[in-house]
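Next come two complexes, and both contain chain A; in the first it sits with chain B, in the second with chain C.
This part shows the complex of A and B:
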């Protein structure tokens, strides 16, 4: 009876994995098929090669990667010291900081962009339309995800003891932050950075309504002209995000094993 | 642990009344000064824009206080219909995504937290949940569009033309299908922790007492998971309700849903004197999302009872 029950469960389980998982994979496979179509049913990589030959696209890719990198750095500079400080010296501010970081989930990007227009009209004039100013608003968009990663990292190490130890040996606060705590948060910092980069690569709402030519804006425009190339770029961007996230999972997994031992010794 | 006590329990606001104010104030400043950059930044780029939206919704075009934007939104069937369609799209895609994603989460959770299938599912969901926007719209054009992979496959194999009424993908039907797609991975991420709360022992206890699979889900698993499931539906609802990019890239005609209406209002294709209507629409979105997220927080509190 139980064996039959278990068998039924396992059949149900695999049916779900194949059907729902298959539905999730279908558009990805279709993108690969669609973007490699040649003449008369042959296969060709023309659409993929065309990515590198479109100057607008190349420029948008470089711009967006720069915005992504700066957003990740800016987010870390803003968030890591702040959250660490709430753990060390200002525990009362832990909840307010968390609340503000999660707020962008409740205020959709399409709403935020309406209110940010007056602020950006000043910024745009000051920077003569340099698209890198998008970094400021993108940092806000990544706050919920970055906060989650960094907060989880801080929770898993004993920040207070680390800081006290460093302080009692004569280290100042900047040194505690950068040379003692940050190295112990490597995994959390890395995953916060990766999720930020992935989000910025996919950002469309704000850059399109503020008239900046980021990757997604250009892909969208291109799609009206040559859907094969835009499907190829979309798939490329997605695969890039996949590699980043799988890479981080592998690195973080390996690191957790390394870090865990000394901490356990410390507790004992 | 002991070391953290003196550092974390300095009562920042407790001192000044008892004299020694100078050193107390210095300590207060020392405690909160490092947080100033964060609060300043968030105030400028998150709170100020929100404030501008809230105030602008109640201002006429010349800046004087008025209710005319709200009136325009509430009186024009165009805007109310857009809200109706937005709610419907979010609700249907949230329910469909929650059911499909919930099933998938259950299927990959059976192997336990260390399961290989689960690790792959979580990592893939992490990417796919962010795979909103323009790229997703093009993925579906490549799948079900006029020359999409599945469209051609069906035409050549069974002679069925998916694109006979070629506009379904670019309207509300298409939006619902595409939105459901990005809800599934999000559901997997938010629902897995709740499934982990189900103990194997409960299942064993139920079956050893002669309970069937159905009675287990009806009397044990179902009631425990219900608050988490409902909470997830709300989160998915807010997720769909806020989305703009997918719809902007996919919809070819008009602005059927609220985010597209706001986009249209911002692009300057509006009737003169209605410049702040976009802000009134944005205010409407904030209200809907705030209500949904508050309910979500309440349900989360209830659901967390079983998670420890």
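This part shows the complex of A and C:
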């Protein structure tokens, strides 16, 4: 490629980065600017400090993070063995499982809520209104995205051959799952977990309709009372999700070591 | 269950005996195994050869415990293991696809089976290193599978399979994903290692050259059954069925009439091999190396093409009536032949196999 061609490509690349980056960052910068406004044009961190001083907000943050963690774990326990099993022992079930996992995208949140209200009224009574019961509905909500991530991971390895190789060496099914399949799905499992956490952090509709005080519901209420704190918390939640994604991407990327050239063939 | 005389000849080597008796496996209407009987002597390497879909891989997978036969028995070392799960069978297996665990180094892959058997860390490492040395890849012990070439990965897979000192070694077309040169190298290496460790081995392939080069005996399979199992030379020189004669090696089908235990091919009367059709119109199955070509003015046959294959040349000849015959000659003889050369065609063979014209050989 000529120097001119390289320059043109470089300019095009940076233009895309600046435009897309600007589009994504501008609202965040605006939020940061808004949440740090003080009196008479000064800058202040009052809104950010207020986050820690509001007990409702702190409780909502802890609740939401707990729901996010439990949802990620529950989703993995449910989904990883199920999809792996469809690959190994029941290939005919791949499509039905995929269909079931995609259903939550097609069903509007309000319809889901109407459907689950009778169950949740029992659960709410039984748990005295513990918001952690939202984990069950959140697991359903994250299924379409988590399924995609795990399915892509399983497609990238020859799971049937690896399982058979482990079996022939003497491994039972639990060892096949935990020692052979799961370590090779690390990236996919982390992606599915990140998507689940991000989704739970942003979930408002169902929590609100079921009258649970999760972070988004509290932010919404706060926005009506103190818009500065509300925006600060929203920005903090977004930054937390970003940091989580970056962190997990870095961890997952660590396993993809630099590929070296295979050594020449030949009998040593 | 006692072993047949052909199998007993291999006894005395280390390893265990294997018997597959009346194995059936159906996938819907498809009979992958249709009453397969196979005996392998201790320490013997049997190569199962056949076209795609003949049931050879199904037989191997049934022996490994990765597929369950609908009927029949699998006996290893005198013990019926038909119902034993794959992870309790003590079989070492090398797969057609690369099967090293991507999350483990070459050494950890080799040691994995030993870890499952509870061997302590140092002994495991020592044994893994021994196996890596056996396949000539000790220096690559710390590499991950993606850092190894295809041939190296299959050699590590072989070391992994042998590390657990399996009762039986199962090789499911382990060379088919490799290029020709590496394939030949690894083929020779597999044979060397198999002889040195003496493990009873079943090798499945669709490549006849591989099967003939590796096997103590070669079993040719068709439609879920064994057509013939014999030593490579016997299989090549004395095929028992038309399928075997046509599948193993290149074969010309020449029309002739069988009479009195012989058939006339290109003017030469040749004795018929056992199992041949003995009377009436037949196809004589003639190997290219048995065909002799002599340039001769006015001869009716014409050379169509000459292909140089290194140590030999393949010559295609057209007979009157547009019938084609393939011959194999030395490069020196081939120098006298060029497309259009008139040649006299003869057959030189101690015996010949014939099948009925339009039918199969007599059972």
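The working rule: the second predicted complex is superposed on the first by the 224 of 268 C-alpha atoms of A that agree within 3 Å, B and C clash if a C-alpha of one lies under 4 Å from a C-alpha of the other, contacts with A are read in each partner's own complex, and residues count from 1 in each chain.
Rule of thumb we're sticking to: a residue touches a chain if its C-beta (ideal position, glycine included) is under 8 Å from a C-beta of that chain, and two chains touch if they have at least 3 such contacts.
What you see is a predicted model; the values in this text were computed from it and never measured.
Legend: residue contacts after superposition of the two complexes on their common chain; A:164 is shown touching both chain B and chain C. In the superposition on chain A, A:58 contacts neither chain B nor chain C. In the superposed model, A:49 makes contact with neither chain B nor chain C. When the two complexes are overlaid on their common chain A, residue A:152 makes contact with neither chain B nor chain C. Once chain A of one complex is fitted onto chain A of the other, the partner contacts of A:184 are limited to chain C, with no touch recorded for chain B.
In the overlay built on the shared chain, the residue A:7 is in contact with neither chain B nor chain C. By the touch criterion stated above, A:126 is placed in contact with neither chain B nor chain C.
By the document's definition of touching, of the two partners only chain B reaches A:82; chain C does not.
Once the two complexes are overlaid on chain A, the chain A residues touched by chain B in the first and by chain C in the second are 158, 161, 164-165. Those residues of chain A lying in contact with chain C across their complex are 157-158, 161-162, 164-172, 175, 179-180, 183-184, 186, 255, 257, 259-260, 262-268. Interface residues of chain B, counted against chain A in their complex, comprise 1, 3-4, 7-8, 10, 12, 30-32, 34-35, 37-39, 41-42, 44-46, 48-53, 56, 100-101, 103-104, 106-108, 110, 117, 119, 121, 123-124, 126-128, 130-136, 138-143, 145, 147-150, 181, 184-185, 207, 213, 238, 241-245, 248-249, 259, 262-263, 266-267, 278-279, 282, 285-286, 289-290, 293.
On chain C, the positions that touch chain A within their shared complex are 64-66, 85-93, 95, 97-103, 112-113, 116-117, 136-140, 143-144, 146-149, 151-152, 157, 160-161, 164, 170, 181-182, 185, 189. Residues 2, 5, 8-9, 12-14, 16-17, 20-21, 23-24, 26-31, 33-35, 78-79, 81-82, 85-86, 88-93, 97, 100, 103-119, 136-137, 139-140, 143, 158, 160-161, 163-165, 173, 195, 198-199, 202-205, 208-209, 216, 219-220, 223, 227, 230-231, 234-235, 237-238, 241-242, 245-246, 249 of chain A touch chain B in their complex.
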